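Shared between the two complexes below is chain A, which pairs with chain B and chain C, respectively.
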Partner chain A sequence: MARNLIKAHDKIKGLEWTPTYFQPEAKYQTKFHIPKKTKDPFRHLIRDYMAMEAEKDDRQYGFLDGAVRMDNPNQIEPRFAESMKAAMAILPFAEYAAGKCQGMLISTVDNEELRNGYLAQMLDEARHTQQEMFLGRYFMKHYADPAGFDIGQKAFGSHFLAAAGRAFFETFIAGDPIECSISLQVVGETAFTNPLFVAFPNTAAANGDHATPTVFLSIQSDEARHMANGYATLVTALSEDRNLPLIQEAIDKYFWRGHMFIDAFLGTLTDYFSVNRIGAYKDMWQQWVMDDWIGSFIARLEKFGLKPPRWLPQAQGNIPWINHSAAMAAFALWPISFWRYDPMTEKDCAWFEKHYPGWYSHYGKFWEAYRLMTDPKQGQIPAQLFPSLPPLCQVCQMPCVFPRPDISAMRIVDRAGKKRAFCSEACEWMFDLEPQRYLGFTNWYEKFDGQDLADVVTELGYIRPDGKTLIAQPHLNQENMWTIDDIRRLKYTVKDPLRS
Partner chain B sequence: MPYTITLLPFEKQFTCGDNETVLQAAIRQGFNLRYGCKHGGCGLCKALVVEGEMDNTEASSFALLDFERQQGFSLLCCAYPESDVSIELWDYDEADLYTGVTVQQFEAEVERITSLTHDICGIHLRLVSPERIEFKAGQYVDLLVPGTNEWRSYSMANPPSRSGEVEIMVKLMRGGLFSSYVEQQLQPGVRFMLQGPYGNFHLRDTQREAIFIAGGSGMAPILSLLRDMAERNDARPVTYFYGARARRDLFQLDELQSFEQHLPHFRFVPALSESQPDDVWDGETGLITDVAKRVVADGKNKQAYMCGPTAMIDAAIVVLQKLGVEEKEIFYDKFVTKADTGN
Partner chain C sequence: MTEEKKIAARDTVGMILMGSEEADVAVEMLREERPDLRITKTNCYWMIEGEGKIEVDVSVLGERLGRELDVPSFLVVMSSYYGRAQVNEHTFGVYSEMLQLEEK
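Right, the complex of A and B next:
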């Protein structure tokens, strides 16, 4: 069977022709040189592929119907279910961008073997976008507190931390198409796919949610193809020596970007939004990113002259702390989110200290204070504990608090006539490589500088249908919900830390 | 019961033990099979089983659909053989598949003999035929003791890049067969028969922080690892604990100190267990396992590589596991002397 498949593939590839009557104009510019012939990363005929994907859809949607009948959406730990409001707002864009990236690659890479793989991935990504949108809808319809699921796609565009997700996922579609492939297929889908598709669904299942693992298993079963596309594209590009420095630079850049967003985001979801934890995020990172990606995938490419990413030691230095610092920033500014936060209890804190030795001395006090501020009658939010808000990085858009606020790698420098913050040496380096790419970005603080927090929340639209209760809450209780009036009483003004 | 796995069309074979997946067995034995998630979820390791039975119940029903199971496909990362199995790898290149190194016989000539300590002797051999040996840092060769039919094993101290030579370190044992030969007859120009390379002791491809522990002539394979790492700019953090009795048992100190400059996160911790009254020493003292226990506060997520006498390794395994190093992350090469085996 297998050999016939190869024959059929060769026959189809033989149908391609190069027109002599016109000179195609490149739609997307690339600095890479891609040879015309390689190996086919896509091992199916489109007919078989369709049958396979249809079967996967049937299984998944069938399960979701059953899950509703079993009332699974309300057997989930609410702490975890709230995290899906963020995940389902942010991830569909990643899928959509991934699909769009395939269009760019098909248009740019004049190589029918690779194009064949890109085509299948484009179809996969369209399916994944729909699956995740459907999962968001499933929660919205059936979970006890739908507020936030309803505005996810709109809120994704205005949330201060979601902006960091968008900034990373846009590297799949902005710039040189081969660089986009490296960011998406080599970094996103090969280095970070296992934390996303193994650790996150396992966390969901451990917290009672069986819909998310089903959808994610269905998605994950397409990822092999995407990793194969990434590997094939990379090896094809590496076969031309002159591409090597360009590839190295792209790996250096996008490994760092992927690390900054995915490790902060996913590490926060798995460690801070679960009641039943399956392990510490930093240990999972060690296994999948260090052992499998650096240790095996990148190591195998060393014969082409490729080296581990330049900023790997800094990423390793971040890993014990990155999600704790990110979580502190997110929880401190809870009113400007579109989900509810469950305070970390003493039991949670003990878990953190056990799995991240030294955690308590850096974050323990914050959580003790947080627990005292959840009642609107107290009239305080945790952001008021800090002298100012953390600046946002001009490149990755993350708050500059990494690895930890007390040993932050932040630098504030003058660039193009303005004070700008970078979270790290790596992001500053990236900015200087392509300043025009990052200069135009107006960050969240610049937009809201000087406004009262109540006006900000109102403008963002993160309000429940009663017109006054906030979608975000610092606790999971149905009573004692904060309203916009409670926020107004705080008299808290958003201040751009770079202007004051 | 172990089964034989045959990779078609290459006719390569390896064995798969109990409670081991085909992928684990393949990687352990040097076969580069493709994999992604190792959890039966992504399908990158999908392959067609053309003969034999495989248990694939752990595979996700999305990554391995029912009709694929019926056609005989399997996810090797969670496949447990239930008989001898043949797998069709129709889109692999043979060159990419196998990273193993073939065992060969070599003729080698003694080029230089150095006295490293009062009881450890360094021997530099130049390969005559074949002229080059391909090996992984940490592996060893067998050496035929001249005038006998006895083979003795010695680890290479040279890095794989110095492929035209074999540098070994011989601990001189009173009355030992090869030791006596070294003391009485060894001189430059003598030719030996070697066979190799052998051994599963080599640096794993990861950037995990590593603990190296060695004693006596266990220095040799560790030096090979370090020299190789320095050449490749391998920046993983390494702490190397070397145990000696007294100051006169320490050697190669200059080179080890130079690694501290070449390798950004390398630290050398020698320790003396029976320091002599006239030893000038301000370093660690005590058994090397106790020193390691003191210095390595937390072994979680670390790997350990050890070479030396059996007693040292057995003691170190206990200590390392208590520190949190996982069993599967501990690699060692026990230096068993002929006297130890009772023959």
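Right, the complex of A and C next:
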């Protein structure tokens, strides 16, 4: 006789017991009041879960085996394949942090249904870390230019902009466990994994990459359950009126943090690393974040006392420009990356102007100049076009160039005896809420201030096995590749803009 | 600079099915059952959107596939959704209702 899922789930719940011989101590403090009563919408049963995940893995790894036989890694647009060097370096840490967050939640939330969901999510996150590491390995072994895939996990920790990714993903594990759940499950997974693991694979497939959609859509099938974990946690917290201001503040903070890193990063990968574009990132954001997350979820919570994120209007103002400003900062400092950049051509520029009206007047001259600087014989990098490097935000660690350098919301203020930069009013507000959380951060400029760029690249280890050719290149050609000697000839000194 | 484009709460929900045999048959079934749904195919997934709810009866889907299918097996290809998800004995659904909060 077939097993009845609902009865089995109810039976499993009844197996939990509270030991009388042991008084558990709270490992993590929480400001939230969490009632015991709630439901797991996915009715997780570990036996079913394991069979389901085994099937997912069989399908995914089977495809990757076939993809090698089809030589799919070398049918990908190289411009797009380079973007995966950044993505595969950054994402595994997010998965690790998400898994660790589940341990915090299991320890904090006294509800057997939710704990079952958190347990499955913890296993999922370990699976995702392995999937992403495997995808990086797949590219490293089979793509024509593996340099960069091999050092991703090490290089991620020291990269100029990847630090901002780590700073956002650390909000999954730093602080109150329920706040971490809101950052991870309610904001990160419900608002931003659809653009990342659904929309981005569509872009990947358009650019000839069928491995990334296979892996990412499989990951997202787990994220679907994580969204439900977040929803169940949220509604449990919402059932206590005392929690309302705490939930609101957490949504205000973490929506902004997610927006600043993910929209800049993913918007750059989508628009600037595609040859075959299926749409503009700002339109994807409108669909997945505004219409689906805000319209079909957050706005429906208003009658329960929650408002849309406080900084949503500022995010809406950023969206037409954020990835263009981020891309300009990243491409300008191309030598300190571990992937190659393909210059935006006149055709690309026309696409940008069509989809982001006004784009050319703000960014067009940069790309005209960039195209003239790709040959090492020219002896110039685009960063030299600017009087100084942009300060990095003390909170989100992004360069303070948003929404655009000419209308940047940056503010430089004295805090704790030192000049500090904030990219926006939102990040300054967050700093003032918890200054101790952000004061310990030593940014990339402070580390390398006064050093020659060639010494910085050498120290970072962003050099190919021949010992002289840079991993990063400002173009995709196999000829005219820049070496460390070309960088040394620039006589370019890294200067902390807050000291100069 | 900041132009607020306020979005009102809406009843729209969506389900994303990874390109697969199960998804193709589910789409065929949903097109018959719910002609009001908006269904689009991309390079790698199906996007199914509609008002109020989208439900897939997995046992009926299994009959169409010619093999037994339970909800966890269907979830292998159910990549994502927006709205509120709910697993039942033979169905997977996405609902506009704020489940648990609006339950009477």
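Some observations on this one:
Just so we're on the same page, the second predicted complex is superposed on the first by the 492 of 500 C-alpha atoms of A that agree within 3 Å, B and C clash if a C-alpha of one lies under 4 Å from a C-alpha of the other, contacts with A are read in each partner's own complex, and residues count from 1 in each chain.
Convention: a residue touches a chain if its C-beta (ideal position, glycine included) is under 8 Å from a C-beta of that chain, and two chains touch if they have at least 3 such contacts.
All figures in this text were calculated on a predicted structure; none of them were measured in a lab.
Superposition of the two structures on chain A leads chain B and chain C into a clash. Of the two partner chains placed by the overlay, neither chain B nor chain C lies in contact with A:Asp241. By the document's definition of touching, both partners, chain B and chain C, reach A:Ser218. By the document's definition of touching, both partners, chain B and chain C, reach A:Ile294.
Of the two partner chains placed by the overlay, neither chain B nor chain C lies in contact with A:Asp10. Shared-chain residue A:Ala206: touches chain C; no touch with chain B. Touch criterion met: A:Ile278 reaches chain C, while chain B stays clear of it.
Once the two complexes are laid over each other on the shared chain, residue contacts for A:Arg59 go to chain B and to chain C alike. Put simply, more of the residues of chain A are touched by C, taking chain B and chain C as the two choices. Once the two complexes are overlaid on the shared chain, A:Gln316 sits against chain B and chain C alike.
In the overlay built on the shared chain, the residue A:Asp432 is in contact with neither chain B nor chain C. Shared interface residues of chain A (contacting chain B in one complex, chain C in the other): 6, 39, 43, 52, 55-56, 59, 193-194, 197-198, 217-218, 220-221, 223-224, 227-228, 290-292, 294-296, 299-300, 302, 312-313, 316.
Across the interface of their complex, chain C is touched by residues 4-6, 38-39, 41-43, 48-49, 51-52, 55-56, 59, 193-194, 197-198, 201-202, 204-206, 210, 213-214, 217-218, 220-221, 223-225, 227-228, 231-232, 235, 238, 278, 290-297, 299-302, 304, 312-314, 316-317, 403, 407 of chain A.
Residues of chain C that touch chain A in their complex: 1-5, 7-14, 16, 18, 42-45, 70-73, 75-89, 96, 98-101.
Remark: chain A residues 1-3, 6, 39, 43, 52, 55-56, 59-60, 190, 193-194, 197-198, 217-218, 220-221, 223-224, 227-228, 283, 286, 290-292, 294-296, 299-300, 302, 307-308, 312-313, 316, 357 touch chain B in the complex. If you check the complex, the residues on chain B that touch chain A are 32, 36-39, 41-44, 46, 48, 60-63, 65-67, 71, 88, 90-91, 204-208, 232-233, 235, 298, 300-301.
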